[in-house]
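In what comes next, subunit A is part of two complexes: it sits with subunit B in the first one and with subunit C in the second one.
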Partner chain A sequence: MATPLVRQAAEIHNRSRGDQPIIAEYLELYQQNEVDQILLPEQTQCLAVKTFLHMCNVKFHLKMRSNAEQMSPSKGLPFIKMGPQIISEFEPIVEHLSLKGVSLSGELSGSQRALLKAYMSLTVNRLHLAELYITWCDKLTVEEITKIRYGSPYSWPLTRILPWLKQQEVGRYLEAQGWNNKTIDQVYTEVDMCCKALSDKLEDQYYFFLDRPTELDALVFAHLYNLLTTELTSAKLADIVKKYDNLMRFCERIRQRYFLEGEDGEDG
Partner chain B sequence: MGTVYAKEPVINEDAMSNTTDSEDPTEGPGTSPESRIQHIFHGDIKVKVERVHIEGLGRTKEDVILKHVSQLFKAETFKDVIFTSGVVKQELEELDMFQGVGVLIDTSKGPKARQDGLDVTVIVKESRRITGNAHTSVGNNEGSLVLGAKCPNLLGRGEHLTAEYSRGTRHSVGYNATFTTPLQGDIGKRFTATVFRTSGDFLSSSYKEIDHGTLLEVMLPSFLGQHSFKWEGNWRDISCLSRTASFAVREMAGHSLKSSIKHVFTRDTRNERIYPTKGYLLQISQELAGNRLGGDVQFLKGEAEIQLNRKLLKDCVVSCSLQAGLMKPLNYTETLINDRFFIGGPTSVRGFNFRGLGPHADGDAVGGEAYWAAGLHLFTPLPFMPGRGGLGDLIRTHVFVNAGNLCNLNLAEEQTVHQHLERLRDNFRWSYGAGIILRLGRIARFELNYVIPKTALHSDSINAGLQFGVGVSFL
Partner chain C sequence: MAASMDSNGVNDGPRKAMDFDCWKGDWGLPSVDVKCLNVLTYAQIAGINLKVHKNRFWWRNLTAHFPIFQAAEDVLRSDTEAIQYLKENQANLDGDLTDQQRADILAFKALMEEKYLPGLLHVWWVDAKNFVELTRPWYAKALHFPLNYFVPGQLKRAAESRVDIIRGGDHMEPQEVTSRVYSDAKECLNLLSERLGDEDFFFGPVPTSLDALIFSYLAPLLRAPLPSNQLQTHLKATDNLCRFCTRILLRYFPDELQDSEANSSKKPTDDLFDDPHKRRNQVLFAVVALTAMASYAFLSGLVRVQIKDSDSSGIELDYDDGEEGQ
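Moving on, here comes the complex of A and B:
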């Protein structure tokens, strides 16, 4: 449909950025071992990126490495490898792909985009911190699940030392965010408030913005799905999410659309 | 040999003139006009050490000293006594427990003293309980500043406890605490236990390594050479230095635990380490990591080094050295980059950058599992400077040829030894050049060479032309 002139102009525009105009044949997504190592916060981020890539119709290969966290340039997971380039963490990945011309929110207006960013901060801040808290600060979860899983690829005494060091690091991060003094009930309340805000925004729509998914949908789906399905020491988190019907339907909808036929559909 | 004091009473001139070449050492008391006993000493006179006194012992336990001084009782002639005193003094000083050792030889006193009896007094001055020091040390291509504190002779039998903090020019920071003790009172046998933390940047491979570990070592001498048995438990943390590190190195980032035992046999007959002019060095080592010992990494590694030095006419020395190493990962694992071999550099195969010879991935040296390196040098004194005394003694010129190869042999595959050797011979690199070396005491050696690498692979990192190196051991 585009005239040859417009097509040529688009090619010149893409080439002048110095990048290739199309995504490479495949990209590789690196994460920790799904079955016995990965923890709730990382799993959420990985699922968010996978959902986003499915939504953009970008093919990728999933690679699991026990040292994925140390391999990542920012020490955050997941990271993707496109040829020689490596980009880590959800938001930089979304931004990098949009530079390559792959974006879900390209058609949003300015104010909608600002709203999108605001809600992304909401979910990133509240839900992510809640997941970090529950994984690393709730004593029962830490002793029974987290330390064992985090130390599983190593031999003694690293199985003890490394989870302890990571716990100190996460504790410092939560302290900087003002979260380490909260009790577990306060954290559950935070999660509840966050879900309520999301539920109010979603109402009866299919997706958060317009009638097609954006990166916010990917991120919210990842958080909610993992809160519902990850095995923790208590089912409190799943119960909180279950209170909101439209969020439940939203999760089911996205799961059915993107993960039932996909080759990387299974998440634990 | 130090100072040996020997006291003798006044003797008159008659007796003196008779002693110089007398066959009969003792004149006997009867012949002398003096009524008291005269003691006439020269080398072959038969004496017997009756008593040995030891003065100055504080916290040092007696049995340590007794082991060494007891040999004095075996001396038969006066020459023996003096010689043995010198040996005892040297042995006690080697224990590193004393600030100074002195030996005093006197005639026996007292009513039961024999005519030819001697009393020997060993005077020791113990070191302070704790000493501090700051010094620089030179490693290969790196210098560092070391601050340390030492408790010598901690429990009285020659044990030492040392703690050190060091900072190197390659951003390496390290500290360690070491406890060492001689075994069975024998200075040749030592047991050492160390707890350490070291770190270092390896720019040529774009990674940084931080090690925490413990080391237990036993050193035993034997009539063939020195044996050293070591167990090491080491937690290594590798991280990439920059975003542009190659993916092959990035894949190795992370934590690993090495638990290994190592045996090193050394036979060193060279006259000195920095610039040997005669003698040879033979060193063979084997290391086994993992398996039943625990840890993540599992491999078997062997290395050997041989160096021969020979003096030619006048002041010229020809030196030839050969190093080789082979490692095999066990139980279907793969070797990690920080366990592999690396060669190349001003102290290894010259003409290449540090770690520049061997397999590379995207510009990062990744090391190999088998290597050999050889060097042939001819050292001559400076042509225009006199060889004796002053600066001329410290500087030498040398002409050399270096060669080497570093590769992976894939020992798992079915190949004959002949095929493996061919693999090592294929694509080997060599270089030649000349330069001057400057000896820094017996501690280190500076080299400034002009090198021409004659063959190199595309992926090697070469340094043609001037190359400067400082180190302790060179190829």
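Moving on, here comes the complex of A and C:
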């Protein structure tokens, strides 16, 4: 029992920073259609996972399925398929890969790991909720963008019913998080506070921790980049992010490093 | 200690009376509710005097939503807003921190909400044993008469659906949800413990709003006599967090702690039936039982009483009408 573990540990130790692809298995990443279907929150989650995989130097094949949400075991997107295993959503994927020996945060000290987790929670807790709110609770966005895109793969009665059901579901989720009574301006304030905290944390470093990217960088990049580039009914969110120069530089740096070399990750 | 903290007061203008309605305290804590405790701890550390009310105007607050913070015309109903108010108008504990440290506070707040709060809610409201044996009786006692029948149930349902929506879902068994919620909370405790290290407080020797926040999340779990205590055991095993809580309790709430120790030392004697109306209930019970037995015996004919109207003329009614009329 101990020998394979020891060997694995030795292997992990030898690979100092996951430069070579470690997972020999065929890895597939499933998401919804990017052009006419996917919405801001899912888009962000998918970009986060893609960035993370790029950072780990793990090759993957992107599969777009219009029913990806129904395929996912937890209804969350994206999900990856590694051999027989299917893992969905960002955090479980990161955890699973770290069990396989692919980790970006292995060298952090205990206190740094605590901070890493804290900032990840902050990003999820604020930016993700804000994205859900904008996508599903802002009347104009819901009517002009969300319902049309979400219902696009289905034919008539479903194209109305499914977006409505999803809206109810997101509404319940936001209510449980205490966000249902917020006004749109309060949401913008939350986003601003979160961006300010991230900007203060980042200062002029290249990455949040040490001199190399971690999963936090992947997550923050995905959120900020999508806030900047996704077409919404109002450009307020992008304007908030644009106030913070160092965050803008951070996004550009990661985009150039991981997304300009082509591969499967071109984003619009 | 508290007086020295007062020096970094932001605005020493006219101090208005600030009223604070919250859940009452127990087990050596000034309040058992996380949000109420957060504001109380912040105020205590900053040396701000709050007028604390427990069970005031319960009829105006039928959903038993606490805390309520009132300062002049402002009525704030969340701990974040209340602390923000205190920071702006009274004393700011975070004044000396760097921007990065302030960002850390926000991040840890998110961490607690995201990872730890579902676990705490689960311990308090969802876990059946704790709810039946501790939470419901406690809240029923703390609330005023008509509210005590439905508010605990309401709070339970709210907490249950919250945990379920945030952490569960159709694809998970309740057992999986439980284990996920607890493992998240335990991980969060470990992270906090590593972050705190051997320091007195999270940012060195001086307490900040982060310490008030984390104390308010940890202390209820640490002090409550929970029957089902998986998470509590884990917290008790992380030494530095326990010492951190005790440190804040000893420094800022010594009276509460003494009271609770005085209570707990005399408790074992009347532990089983601590109903204050015990004697009255016993007498009432005996009277009702005796009446029932007697009336049964009488009505079923086991005992007969014969009434003879032999000398009923012995009763004399004597009224003095004239003087009463005046």
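By our rule, the second predicted complex is superposed on the first by the 244 of 268 C-alpha atoms of A that agree within 3 Å, B and C clash if a C-alpha of one lies under 4 Å from a C-alpha of the other, contacts with A are read in each partner's own complex, and residues count from 1 in each chain.
Operating definition for what follows: a residue touches a chain if its C-beta (ideal position, glycine included) is under 8 Å from a C-beta of that chain, and two chains touch if they have at least 3 such contacts.
Just so you know, these numbers come straight off a predicted model, no measurement behind them.
J.: Should the superposition on subunit A be reported as showing a clash between subunit B and subunit C, or a fit?
T.: Result for subunit B and subunit C: fit.
J.: With the two complexes superposed on chain A, say which partner A:155 touches: subunit B (first), subunit C (second), both, or neither.
T.: first
J.: In the superposed arrangement, does A:206 touch subunit B (first), subunit C (second), both or neither?
T.: A:206 contacts neither subunit B nor subunit C.
J.: With the two complexes superposed on chain A, say which partner A:122 touches: subunit B (first), subunit C (second), both, or neither.
T.: Once the two structures are laid over each other on A, A:122 reaches subunit C alone.
J.: Would you check which partner chain A:81 touches, where first means subunit B only, second means subunit C only, and both and neither mean what they say?
T.: first
J.: Which partner does A:73 contact after superposing on A: first (subunit B), second (subunit C), both, neither?
T.: both
J.: Quick check on the superposed pair: does A:172 touch subunit B, subunit C, both, or neither? Answer first, second, both or neither.
T.: Touch partner of A:172: subunit C, not subunit B.
J.: Could you let me know whether more residues of subunit A are touched by subunit B or by subunit C?
T.: The partner with more contacted residues on subunit A is C.
J.: Using only C-alpha atoms, work out how near subunit B sits to subunit C after the chain A superposition, in angstrom.
T.: Across the overlay, subunit B reaches subunit C at a minimum of 8 Å between C-alpha atoms.
J.: Overlap of the subunit B and subunit C footprints on subunit A, residue-wise?
T.: Common to the two interfaces on subunit A: residues 73.
J.: Using the touch definition up top, name the residues of subunit A that touch subunit C in the complex.
T.: So the residues of subunit A in touch with subunit C come to 73-75, 110-111, 113-115, 117-119, 121-122, 124-126, 172-173, 175-177, 193-194, 196-198, 200-201, 203.
J.: Spell out the part of subunit A that touches subunit B in their complex, as residue ranges.
T.: 65-67, 69-71, 73, 81, 84, 86, 154-158, 161-162
J.: In their complex, what parts of subunit B are in touch with subunit A?
T.: Touch list, subunit B to subunit A: 235, 238-240, 243, 247, 250-251, 253-255, 257, 294-296, 362.
J.: How about subunit C: which of its residues touch subunit A in the complex?
T.: Residues of subunit C touching subunit A: 99-100, 102-104, 106-111, 113-115, 161-162, 165-166, 169-172, 187-188, 191-192, 194-195, 197.
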